[in-house]
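Heads up, the next two complexes both have subunit A, just with different partners, subunit B and then subunit C.
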Partner chain A sequence: MTFDRHISLAHGNGGRFMRELITEIFARHLDNPGLDVSLDAAPMDLSGVDNDSMIPMITTDGFVVQPLEFPGGDIGSLAVHGTVNDLAVCGAKPLYFSLNAIIEEGLESDCLERVVKSLAAAAREAGVRVVAGDTKVVPRGNGGGLYLATTGVGLRPAGLMLGMHTIQPGDQVLVSGPIGDHGIAVMLAREEFQIKGDVQSDSASVLPLAEAAMAFEGLRFMRDPTRGGLASVGCEICSATGLGLRLMETAVPVRESVGMVCEMLGYDPYYLACEGRVVAVVAAAEAQALLEAWRATAGGNQAAIIGSMVSDKARLVLETELAGERVLEELEDDPLPRIC
Partner chain B sequence: MTFDRHISLAHGNGGRFMRELITEIFARHLDNPGLDVSLDAAPMDLSGVDNDSMIPMITTDGFVVQPLEFPGGDIGSLAVHGTVNDLAVCGAKPLYFSLNAIIEEGLESDCLERVVKSLAAAAREAGVRVVAGDTKVVPRGNGGGLYLATTGVGLRPAGLMLGMHTIQPGDQVLVSGPIGDHGIAVMLAREEFQIKGDVQSDSASVLPLAEAAMAFEGLRFMRDPTRGGLASVGCEICSATGLGLRLMETAVPVRESVGMVCEMLGYDPYYLACEGRVVAVVAAAEAQALLEAWRATAGGNQAAIIGSMVSDKARLVLETELAGERVLEELEDDPLPRIC
Partner chain C sequence: MDRPLVATSGNISGEPVLTDNQEATTRLAAIADGFLHHNRPIVRPADDPVIRSIAGQPRHIRLGRGIAPLELDLPTGPAQPVLAVGGHMKDAVALCWDKRLVISPHIGDLDSPRSMDVFEHTIGDLQALYEVQAQSIICDLHPAYTSSRWARQQNLPLLEVQHHHAHASALAGEHPDIHRWLVFTWDGVGMGNDGSLWGGEALTGVPGDWQRKASFRPFYLSGGNKAGREPWRSAAALMWGAGYDWLPPVNGVELARDGWRKRLNTHPSSAVGRLFDAAAALVLDRTVASFEGQGPMELESLTRQRATPVSLPLAMDANGILRSDWSVLPAMLSDQVRSAAERADIFHESMAQTLVDQALGIQKTTAFEAVGLSGGVFQNRRLTEIVLELLEQHDIPVRLHRQIPANDGGLCFGQIIEYLATQQTFVEHGSR
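== the complex of A and B ==
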C-alpha cells in the first residue's frame, strides 16, 4: 500500500488520499466490475421484477461490535451475514449491497484491510455484490475504530406468505443450532473479562437454512435471533400473536462452553446474540420434516424443535429441566453491549 | 416521550428501550405505513422495471457532520439531501431509503428527535420513503453524538446516457448556484472558530435542477460538488476525460460573506463543500438554454456558465480576474473535516 500504516483525517476529505484508500483497500478486495468508484449511484439488474412473481426487498443494519476481530469472524463478515440473514429470513435472495464505513483516525490500515477482505469473502460466498459505498473518517476519540452500515437488496417470491400473523396455536418452534455462541465469543475476545475460552462466533449466512425451510408449505415465520437473542424473538412473537410460547429448556441447544461462561458470569443464554441461527415457526405436521431438512443442511446439524405455540397468556415460558416454569420477560438492561 | 432525556446504552440492546426509541422517535416522525418496525426487510414497489425502460439505481452515504445542527440544516436533512442528490445527478428519481443511526450514549433525546423530524420533512419533500432502518448505541466517547448512513434506491430512464466518457472538447460547464455555502456555514457553527457570520448551508434536494437539465439532449454529465468541492469535481473530469477544464474566476458565483470568511481564514472556496448545487457539463450549443432553464428553477436563480472543456493538458485551470492562471490541484490536506 502506498499510504501510511494508519488512517488519517485526510483519508476522508474527498481528495487524493481518499481515492487511494478506496481504490487500494475497498475496490481491490471487493473486486467487482460493478463497483465503479467514480459513480454517484450504481445500477442494479432486477429484470423480471413485476410484483407478480418477485418482489424487491430492502434491509439495513449498522455494526459497532467491539473488538473488531473475534474468534469466528470480524465486523466485516458480520456485516455481510447480518444483512444477508435479514433478507434470507424474509424468504428473499440477497443480490446487491451498499457499504458505509465510518473509520476512526488512527485505525491501522492493516486491520481495515483484513476486515474488508473478510467482508468481500463473505459477500462472494453469499452471492451478493457490493455495488455502492461510502467512507468517512472521524477524528481520534470519536469512533471506536470502525463502524459499518450495510443495506441489502434482494428478491422474494411474491406468493410467499411469511409473517407472525400466520402463526397458529399448536405450531412448533425450531432453532437451527446452538444459541449464544456469538455473544460469548465476542465477550471473551474483550480482554477486560480476563477469561479464556474456545468459543467461536456462529456468524454465518443462513441462506441455505432459509431456503431449505421455504420448501415447507406450513412454514409460518423465520427470524434470526441477533440482539436480544432467542428470548427477544419469542417475546415479540407472543406480543404480535397474542399466543403463548412454551420453550423446553432441555431441548434448546446450548454449547457446554457457552453454558459454563454464562454460569460463571451470570448471563442468560436465552438473551445472547446469535449471528448464524434461524428460529422458525412451522405447522406441527411439518416440524419433524423441517428438523430433518435442517439437520441435512450446512449449519443445521444441531437443529432442534424447542417449543410450541399455545392458546394461553401471551408470554414466553421456559419449562425447566425440573418441570418448573420461568417466564422470560422482554429485555430491559443491556447485558452485553456492542456484540453486533 | 416516556424515556429519559438522554440516550442510554439500553436503547441499543434489542429490548424494550430500543423498541420505545424506535417507535417514539423514528417511526412516529417518519410516519410511513411502509415502515413496519417488526420486519427484517421491507418490500419496494418497483413495478414496471424491465431494464428496457427504467433501471433501478442504488447509492449510499455516511454522515458525520459536526455540529449536528447548523444554519440552514442538520445531519438529518443533510443525509436525505446528500443521498437524493447522488441519485438525481445520475438522472434517477429517488424512491426508497434505508436509514442507519449510530447514536452516542448521552445524546439528548430532544436533539435526536429534532434531527429525525427534519430528516422526515426532507424525505417527504423529496418524495422518498424511509422503508428500512437500524439503530445502534455506542458508549459515551465513541461516537460524536450521532452518525447517520443512508442508502437510496431510485429509477432512471434506461436510454439516458450520462457520464464523463461522453464529454467533448468545447462542452460548457455550469454550476447551479454559489459555491462553498455549506462548508462555511458548518465551519462557522463550530464555536472553536469564534467567528460570527450569517452564512446558511445550501443543503437542499437538487432533484428539480437535475430534472430540468435532463430535458437537454446535449447534457453530458452532472455531479453534486460535496466533499472536495467544485475543484475536486473538475479534477476528476480532467483525469477521466484526458481533457483540460478552464474555469473563469469571475464567472464562478461565490457569496460575498463566503468570500470574506475564506479570505480571513485562508480557505479556498473552490474546495469547499456544497450540498445543494449541481455541476453540469453540456454541449456548447445548449449551454445558454440550460442556464436559462436552471435560472427559472427553484434553487437555480444564481446559476452560471463557469468554464469550458479544452483539448489541452488534462488539468483544471482557473483563469483569474487579472488574466492570470492558477492550476487547481487534486486535494491532499483536509481543509475542513466533517462537513458532511
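== the complex of A and C ==
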C-alpha cells in the first residue's frame, strides 16, 4: 500500500496513490450495489416510487468535529447520523448519500480507515447507500485532520403535514432522551479530561424514533437538537410560532454525569448539542401515547414530556424547582466550539 | 407557634413583587404556607427602599417606595428624549428629556419572564406618565444582558456604555462641581472594553472621557455565570492562581480544577467583588451563597477594629495600567492561626490600603480634584469608612453617592450622564 502510516499530498493528486486511497479505504468499506467508483455521476434508483405519494428530499451537512474520535462515536458515524437525522425529522426515509472527504496531509491512515469503517457501519444501519464521493488532500496545517461533508437524499410521504406553522397552544413538547451527552463527551475528549464514569456521545440515527412519531396524526413538528441544543430549538419554535414554550426543569432528562460536568464547568445543558435525540411537538391528546411509543423504541427509553406551548409572549421559559422561572435566551456565544 | 414564623414580601428571589392576589397564590404555592392579601389593587408596584448609613449619611441601596420614581433636574438635557435601560442585576431604568430625569423604582434581576414583563411595563408606564417618547436608547456594553437584548430590538438609535464608565458617570452626575475625577469603580462584574470581566477599575477623567489608570492583576474565574453565587470559585481562582493545591468541600471540585487549569469556560477578571467573595469563602468557609454579596456581608459583620494591612504589590503593566497583585492575600486569608475576625479586619484594611496606594500612584502622573467611590463594593461600610480615613490623612477629598445607588441600580443614571457628555462633546466639535 502507498499509505503505510500517513496520508500524503500525493493521495489527492488524481494519480495512482489517489486511486488506491479510494479503492483501499473508501470503496472497500462503503461497498454497496449503488457504488461504482469509475463513474463521474451515479444514478439513484427510485423505481417503484409513486411520485404522487412520495416527495424526494435532499439535505447536506459538513462535519469538522475535534477530536475525530470520541467516546460514543467519531466523525464518520457523525457524518451519517447528522444527515440521516436531518432527513428523518422532516419525515423522510434516507436512501442515498454522497460523501466528501477533505483530508489533511499527515493524517494517520489507520485513523482514516477506522473512521470510514464506522461511517460505513452507520450507513448500513440506517439503510442508506453512499453512491457518490470525492476526496481531497490539503497541505499540513490547513485542516483539522479530516473534514467530511455528506449530502443525503430521501423520500417523504407527500401528505405529511409537518412544520412549525402547525403548532398550536396546548401542544406538548417531548424529547426522546437525555440532553447534552454529545456536547459534553466531545468536550471532555478534546480537552483530555481524566474523569471516571465517562460520558458517551448520543450520536445515533433517530430514524426509528421519527418513524414511530410519524404514526401520530397530531404530530406537528420534529427537530434534532444539535448545535445550540434544546434551548435553540425552543427559541426557534417560539420565534416562528409567536407562542410561548414552557419547559419544566425537573422533567427534562439530563444524565447525572452530564449534570455534574455542567455544574462544575459552568455549562448550561439546555444549550449543549445532542446528535441522537428528537424534539417533537404533538397535540396534547396524543402526547402520552407518543411518549409510550418512544419509550418502546430503540434510543427512546428515557423519552419525556418536557413542556408545552402556551399563548404567551414568544419566549422560552424554564420553570425551575420552587416555582422559579428563567427565560432561556437565544445563544450569543458558542458554549462549546466545534462539536459537529 | 412552636416554630419560627417568617413573614416576607410576595416575590420569588430576584423577581419583582407579585401584585395580583391570584398570581401570588399560584406562583408562591411552593414557598408560602399562608397569604395575607389586601383588597386594594396595585397599579404601580414598588419594592421597599433599602438604605444604609455610611460615613454618617443614609445611602440608597435600592430606590423603592416613597423615593422612586426619583425625579432629578439636570444642568443640561438631551436634544430628544432618551431612555437608559441599566444593566442586568438589580435593574432600574431612567428616562431623560428637556432638563428632567426620572429613575424608575427598582425592578430586579432580569432573568425571569416576570422581571422582563415589569421591565417592559415600567418603560411603557414612565413614558405614558410623563407623556414623553424616547427617541434613542442607552444600554450596557454587555451584549447578553436582557436589557441590552431588548434595547437592540427597539429599532431606535442605540448607544452602548461600558459598565464602569456608567458607574463613574453616575457618581460624577451627582457632583457637578468636580471637573477632574479619580473614580474607583469596584463591583462584582461588568464587561470591560477588552472583553474581560472588569470590576476593580480606577478611572480618571470626566463623563464621556474616562481613562483606565489602575486595576488588579487578573485572576481566572471558572464556571461562567456561576461565580457570583459560588464564592468558592473566587477563592479557587486566587488559591490555584497563587499555586496552592486547595480543594474546597464541593462535590466534583477536581473537575472544576482541571477545567480551570485548561482555562475552559474560564475568564480573566479584575473584579474586587470577587476578591471579597474569595475572602469570605476562605475565612468563613462560605462556599455557596443564596444571594450575591452574602459572603462579603458576613465577612464585614465580623470586622471589629483597624489592623495592619497586607501590602499588595503595585506595578505598571505593558499598557501603562497600574495593577495591584492579589497573590499575597491567599496565605493570610487561609492562615488558621489567625481568628476569622482578625483576618476579616486585615482583609478590609488591605483593600482600603490598596485603593490608597493606587490613588497615590496615579496622583504622580495625573491630577484630580477628588476621589470618587462607586460600584457595589462600596456598599461595604467598613471598607468605605477606612478608605475615607486614609485618604483624609493624605488630604485627598472623597465623594460618595448621595441619592443614586452605588450598585447596578445606579447604572441607568450613569448611562444618561455619559450620553449627555458625549452628546455635548459632539455638539462642541461640530460647532468649531
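Definition applied: the second predicted complex is superposed on the first by the 327 of 340 C-alpha atoms of A that agree within 3 Å, B and C clash if a C-alpha of one lies under 4 Å from a C-alpha of the other, contacts with A are read in each partner's own complex, and residues count from 1 in each chain.
As a working rule, contacts are C-beta pairs under 8 Å (C-beta built on N, C-alpha and C of every residue); 3 or more make two chains touch, one makes a residue touch a chain.
All figures in this text were calculated on a predicted structure; none of them were measured in a lab.
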item	value
Which of subunit B and subunit C A:332 touches, first, second, both or neither	both
Between subunit B and subunit C, more extensive residue contact with subunit A	B
First, second, both or neither for A:317, with subunit B first and subunit C second	second
Which of subunit B and subunit C A:138 touches, first, second, both or neither	first
First (subunit B), second (subunit C), both or neither touched by A:296	neither
Touched partner set for A:161, first subunit B, second subunit C, both or neither	neither
Partner chain in contact with A:266 - subunit B first, subunit C second, else both or neither	second
Contacts of A:285 with subunit B and subunit C, given as first, second, both or neither	neither
Contact residues of subunit A, present in both the subunit B and the subunit C interface	332-333
Residue ranges of subunit A touching subunit C (in the complex, touch as defined)	187, 191, 193-195, 260-261, 263-267, 312-313, 315, 317, 321-327, 329, 332-333
Subunit B to subunit A touching residues, read off their complex	9-10, 12-18, 38-51, 55-64, 86-87, 89-90, 92, 96, 98-102, 131-139, 141-144, 147, 149, 151-154, 156, 164, 223-224, 226-229, 232, 236, 240, 273, 330-335, 337-338, 340
Subunit C residues touching subunit A - in the complex, by the definition given at the top	12-13, 15, 27-31, 111-114, 116, 143-144, 146, 149, 222-226, 251-253, 255-256, 258-259, 262, 264-265
